[in-house]
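In the two assemblies presented below, chain A is common to both, partnered first by chain B and then by chain C.
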Partner chain A sequence: MAFLELTNVRKVFPNAQTPAVEDFNLNVNAGEFVSFLGPSGCGKTTTLRMIAGFETATSGSIVMDGRDITPIRPNQRNIGMVFQSYALFPNMNVADNIGFGLKVGGKSKPEIKERVGEMLALIKLEELGNRYPYQLSGGQQQRVALARAIAIRPQLLLLDEPLSALDAKIRLSLRNEIRSIQRQLGITTVYVTHDQEEALSLSDRVVVMNRGLIEQVGPPFEIYNFPTTEFVASFVGTLNLLKVKVIDPATGAIQVDGQTFFTGRPLVNHAAGETAQIALRPGIVQSRQHGARR
Partner chain B sequence: MRKVAWVAWIIYIFGILYFVLPLFGTFIFSLQKSRGVLSLSAYQSAFADPKFLETFLFSNVMAVCTIIVSLLLVVPTAYWVQLRVPSWRPAVEFVTLLPFVIPAIVLVFGLIKTFGRPVTIFGVPVFPALTTSALSTDFLLVMAYVVLSLPYMYRAVDNGLRAMDVRVLTEAAQSLGAGWGTILWRIIIPNLRSALLSGALLTFAIVVGELTIATFLARPAFGPYLALLGNHKAYEPAALTIISFALTWLAMGLIDLVTRGSKRGPLTGAH
Partner chain C sequence: MATTISTAPRRHFSWVWLGLTPFFLFAILFILLPSTSLFIDSFRDGQGNFTLANITGLTQSPIPESYWLSIRISAVTAIFGGILGFLLAYSRASGNLPRWLYPVTLTFAAVASNFAGVTLAFAFVNTLGRTGFVTAVLKGLGLDIYGFGFNLYSFLGLSLTYMYFQFPLMLLIMVPAIEGLKKEWREAAENLGASTFQYWLRVGFPLLLPSILATMLLLFGNAFGAYATAFALTGGRLNLITIQIGAQMRGDVLHNVNLGYAMALGMVLIMAVSLVGYTYLQRISERWLR
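== the complex of A and B ==
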């Protein structure tokens, strides 16, 4: 059984014409890293906020670890969350920020101190426990926010565009750090981003969303190479869309401008003589002297 | 560039003179009680009156009570409006500005008319007249002061809340297991410190000098005492004005010290 199950989740905001999220079905396995990828307004953040409990689903159920969490308040869910704007408490230093959830949870002082030390070591900021958030760089603040979310040993970690406010170089290094920490702890993670590179490089599986609907769910390789919808094909990577005539679905033969090509795999759902569309990644095109067969 | 700096300096100096000259004049005047020499005898005679300390203390107690009630009312309200019902903000702001539109005299007569007799709802008595005992009248007085201080207190708190990302901070705290009380007490209020202090200071200044409501509710407050003194004495009111100014400045200095002395960093948002 999956660790996190979203079933028929639907969200309609008051006064909204169309639902923000609809027909959302997804099972996330324990320890899995899943990304929600899509343009802004596609419903990915809304879905994440419903898992966190900050929004209530209009209908559908969200089950975590076999327990329906829809009626549970956000502060009872034991879900760690990292925000785009870091959201560190400005009145507390780094150590107090990281220890906040433990303190609220009634842990003893030595226990908090030990865990905070562990967390600081994990994010490699051992020396900065006494600093205040405004004394840190953006990348450091986000690492503290990550440590704060993990410190409470949450069952699930949610990250809402955590790298969007950072500059390109930090983004890359923190991305790798997030992935390695996630692997190290084996924590089930849902990651929201509009950056396809982030989604493809980090995730075990990517959920591509558009206009409140899931377009495709799959491992990054599949999403990139075998998009099932035109939206996924055009949103992920660059490509050329060509109108083709299907010659033989069984062998994958197609015709463009009178030239016959082979797609390399059978074309399901297409009949011979039908007009179809193929998406061609520029990087895959090679020119050869004789009998180009691809 | 140079020219602009000059103009700015002239305006600045003019502004300072505009504020300082009357105060300076009052100060000099307060020293002239004894003919021909500058002396502190006006201050001595002002302090010698036991009514001075009595009314001053009374107004201070009222001010502290007002600040407490006002904070309890305004902080959760402004927080909730900002977090959950931002569309209500114009309406709430309008309500908090009403004391600017409704004169204090109207407010106090409304209070006396409403609470000067037993309050009933559909003929059922709810509570007796509030103006019959000193304590219940003081309660009425504090409530009136809360209304008077509303524009300042609400604005100060609202500005403070806008300077931080209330929603994200709240959600971050919630995801870490914090309930509403913890969020308000450990996150929101500590980050509102300077806003709360300035709101409290403004409230204090308004209440200690307030005349109309205290007069008509017949309570021994500092404002009516000053007015009474001004009716039959010349130098002592000037001395008392200087003293209350000095106290206000002392309070401001203390606030500055408290905010600057802490090593907690800037009181801005999370960005």
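== the complex of A and C ==
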């Protein structure tokens, strides 16, 4: 049984023409890092917020650790969340921000102090415990937000475009830091992004979404090299779309302009003689001058 | 004839400055010039010679008592008006009120916060005065408020009257301040396990506190400078500093206009102190709520 199970989740906002999320089925295993990838407005945030409890699903169920969490209030779910805008409490210093969840949870002072110290070490900001959020850079603020979410030892970590507000260089280093912290703690993580590079480089599995629907779920390699829909093919990476004639589905033989090529794997769902669409990534076409195939 | 060509980059004329001209003109004409002349006149006698007599005159009874009375009434109405206004703004923000109340409360606040002077005094005399409507109704119910020692023309009565414009002003300023709290702060707190009460106690209220205190200082200044309401309500019975100044200017008593200037200068200084406090608090608030 998966750690997090979303079954037939659907969300229709009041007065909305179309559902924000529909037919959403996904199982996330314990310790797995899953990304929701898709263009703006495709329903990533809405899905994440339903998991966190800030939105109620119109129908469907969300089960975490064998327990249906749909009726549970957000402050009882024990899920950590990181927001795009950091959402640090401006009236508290870094240490108090990180310790906030423990404090409202009634933990003792020494216990809070120890955990905050651990977290500061984890995000490598030991020196900045007394600083206020407005005295930190965006990247530092987001690390504090991450530490604050993790400090309560959540069963699940949710991140909603945590790097979007940062500049490119920091985005890259913080991305790696997030991944290494996630590996270190083994915490089950759902990560929302519209940046395909981010999703592909971070995740165990990527969920590509479009218009409230899941287009494809798979490991980054699959998503990148074997997109199952035209949308995924065009959204993920730069590529060229070609109309081809299928010669032999079993060997992956196809024909373009009378020339025969081979795709890397058999073509399921296609019959010989059919016209199909392939997506070609620049840089991965190989030629074999002396083989039987060319 | 030699001509020099300026190589300095030509500064573009900015329309922003033109737009600000009325503001600067206004500030110079009605703030800077009067304050300067007030300052100068405070150190002059009737013949225009330099003197410290006006300043030392400020320590003569009843002037210190008048300052103190004005400060007390301003502080009391700022604090209670502030608390009441904040609570109303808060309950508005909690979203549990009937829908029709939302625009109604704001419109009322906008009107009431500007309702002062003779009309306000008249309204209170008509309701809570010795023969006022509410007084009569209460008396009919067996509650003789004047019999219990209430008096509209007293400290308590004037405070009640001031409350009429104090709490709506607080409400008017706190509504957008509360709306300025980011939704993410609330959600982050909730996500970390905080109850609604814990959120307000540790995040919402502390974040608003600088604005609350700053607005209370504004209310203080609002009441401190009020003259017409007090004069219309109590005549000269309550010796507020503004009423004292008015008396000096009109020549009711000794008619020492320069002493009046010195008294006004004292008011300006007290206002300036509260303005410094206001600015300081606003700056904290801005840094946080940016």
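Everything that follows uses one rule, which is that the second predicted complex is superposed on the first by the 284 of 294 C-alpha atoms of A that agree within 3 Å, B and C clash if a C-alpha of one lies under 4 Å from a C-alpha of the other, contacts with A are read in each partner's own complex, and residues count from 1 in each chain.
The criterion applied here is as follows: a residue touches a chain if its C-beta (ideal position, glycine included) is under 8 Å from a C-beta of that chain, and two chains touch if they have at least 3 such contacts.
Computed from a prediction, not measured in an experiment: that's the story for all the values here.
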{"item": "Joint occupancy of chain A by chain B and chain C, clash or fit", "value": "clash"}
{"item": "Chain B versus chain C as contact partner of A:262, first or second or both or neither", "value": "neither"}
{"item": "Contacts of A:52 with chain B and chain C, given as first, second, both or neither", "value": "both"}
{"item": "Touched partner set for A:101, first chain B, second chain C, both or neither", "value": "both"}
{"item": "Doubly contacted residues of chain A, that is, touched by chain B and again by chain C", "value": "52, 54, 74-76, 78-81, 83, 85, 87-91, 100-101, 104-105, 134, 145, 148-149, 152"}
{"item": "List of chain A residues in touch with chain C within their complex", "value": "52, 54, 74-76, 78-81, 83, 85, 87-92, 100-101, 103-105, 134, 145, 148-149, 152"}
{"item": "Residue ranges of chain B in contact with chain A within the complex", "value": "164-165, 168-169, 171-179, 182, 186-187, 190-191, 193, 264-271"}
{"item": "Parts of chain A lying in touch with chain B, wherever the complex brings them together", "value": "52-54, 73-81, 83, 85-91, 100-101, 104-105, 132-135, 145, 148-149, 152, 158"}
{"item": "Of chain C, residues touching chain A in the complex", "value": "182, 184-185, 187-195, 198, 202-203, 206-207, 287-290"}
